[in-house]
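In what follows, chain A forms one complex with chain B and a second complex with chain C.
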Partner chain A sequence: MAEASLLYLVDAATGEGVEGELRDAIEDAQIVDWQTKWQPALIAVLQELDRRGVPVAQWPQSWHWDWRKKTAAVQGLLAFRGFSVVAAGVTQGLAQVDLTKSAREASQAGKPLVYVDYLEVAPWNRPDLGQPVRLRGVGTALLSAAVALSEEEGFKGRIGLHSLPQADRFYRDRCGMTDLGPDATYQGLRYFEITPDQARAFLKDEE
Partner chain B sequence: MTKRTMTLNLTDAEMRVLDDLSNRKDLTKTAVLRQALRLYQTIEARVEKGDKLLFENEATKEKAELMLL
Partner chain C sequence: MKLERSKEWWLERARREGDVVIGAGLLARDPSPEARPVAAAEENRIAFGKFVNLMRRRRGYSMEQLAERADIDASELLVIEDDLHYVPGPRTVYKLAQTFEVSQQRLMQLAGLTAANDVGLRQEAVRFAARSESVQRLTPEESTALEAFVAVLSSQEPKRVK
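Then we have the complex of A and B:
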């Protein structure tokens, strides 16, 4: 059974706080939401992009992610953990992390970190899809969970991730992560890390 | 998450390795052992699926397979 903690998101339309919960697992209910709510919403967005003649290269890069397969592939493995954000009875964001990777940033090289394998917010919370956003703060809540897990595991808050191009600015500017540049061994995606000092600053900002 | 306690008996050599890893990885001894358990389980799962564990020297590109029995 997943443990849940209270969190507050922001209703983008009214600016008011919305109660939600951060769960330390991705359970069947989240997969059902992904399949029955996220997928139809995403397909509608993709159909609109197609209708407007937007090239596939400019479509949201996570459109093909299959959370059912991603969670099944690491079922029962201690090295992988999942997080979900639930609000208004619906899954608003998902993240899967890997605890076996090491830091690359010069001052932390070789030390363990929480590597964020996948992080995705529901299509209706994404500012990059050309539609009004419903809830703000889902992505940062998931990233905060990864930093908190890193601290719990004794990794001092270190986290790392490869960013899809549409999220580069979010990780660099909003989250204050160190941009270690494109990774030729990982589809050229930019690699970002949070050091222990940055982790403390990030969590303080999120309080 | 609930945690349980166990007593671990290690030789001097094993304790030295644990101390060394703890220092180099900036982890407590408990965190080193938890990390070791994660890695061991992950490798076992991959090998059971038919994968091989290979090490590659970045400079020479020489590859060596780690045999797991």
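Then we have the complex of A and C:
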């Protein structure tokens, strides 16, 4: 049974706080939301981009996956440790983590970390799709959960992840993560890590 | 696992997030329902269908006439020209290669019957498919593209990758 923590997100339209749950699992309900709500929302955006004649090269991200592959992979998330953010009765973000990887950053090399294998927010919370964002804070909450899990596991808050190109700036500038550069073994995505010091600053209890 | 923080803590971080995109891992990349990259084999198949179509028209054959000359089924010809995913039988490709007087081996590759490890042929196939349009009469550009491609298909020594 998943454990839930109370969290607050920001309604982008009003600036008000919105109550939600940070759950330490991905369950059937999240997969159903992904298939019945996320997928149609993203397809609608893609069709609109196509209709407006926007060249594929200018679409929000690199479009390598086909839907069948992605659907199968998302269904596979049920078998791994993950996190989900639920608000307004709908899944707002998902993350899957791997606890078997080691740190690469020079001062931490070889030490265990929580590797964020997958982190995605619902299409209506993405600012890169040309539509108003509904909720802010979903990605940060999932990242916070990964750092907290790392502390709980005795990994001192160390986490690692391969960033999507549009997210590089967020991890580097807003989260203070160490940018270890493009990873040729991972389709050139940049690899970032949080060290124990950075993790302490990231999860600092109150400002 | 519980993460207990105050409402202010969460809101402060959510506001700091601003309008940035957040995502990690290859699975988080968006799929493309319609603009899926065309696989090499598919590119060759497109070129194969166009090649048969243009060669038939250049020789002034109807589908029935070509089917009769090549001793193949007219309904299969129709599918070859119109269905990009159809893989014809070896005998059909052999007969078409004979009729059009091009390399059987290369036409087999183009049709997807043998491994397409010939980089030069693949590049030529893509170039050819991109230049040709399915219209009633061959345009001068189509004729040029077709002749160039026939020359490639007629050469016997494919360039191997490995």
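In the analysis below, the second predicted complex is superposed on the first by the 181 of 207 C-alpha atoms of A that agree within 3 Å, B and C clash if a C-alpha of one lies under 4 Å from a C-alpha of the other, contacts with A are read in each partner's own complex, and residues count from 1 in each chain.
Basically, a residue touches a chain if its C-beta (ideal position, glycine included) is under 8 Å from a C-beta of that chain, and two chains touch if they have at least 3 such contacts.
Fair warning: this is a prediction, and the values are worked out from it, not measured in the lab.
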Could you figure out whether chain B or chain C reaches more residues of chain A?
-> C
Tell me which partner A:179 touches in the superposition: chain B (first), chain C (second), both or neither.
-> neither
Please work out whether A:8 is in contact with chain B alone, chain C alone, both, or neither, and reply first, second, both or neither.
-> second
Does chain B (first) or chain C (second) touch A:21, or do both, or does neither?
-> neither
Overlap of chain B and chain C contacts on chain A, residues 3, 24
Chain A residues touching chain B in their complex are 3, 24, 77-79, 99-100, 110-112, 153-156
Note which residues of chain A are touching chain C in the complex, please.
-> 3, 5-10, 17, 22, 24, 42-43, 46, 50, 56, 59-67, 69-70, 73-74, 95-96, 116-121, 126-128, 133, 136-145, 148-149, 152, 161-164, 166-167, 169-170, 174, 186-187, 189, 205-207
In their shared complex, chain A is touched by residues of chain B numbered 1, 24-28, 30-31, 34-35, 37-39, 41-42, 45
Contacting residues of chain C [partner chain A, same complex] = 1-37
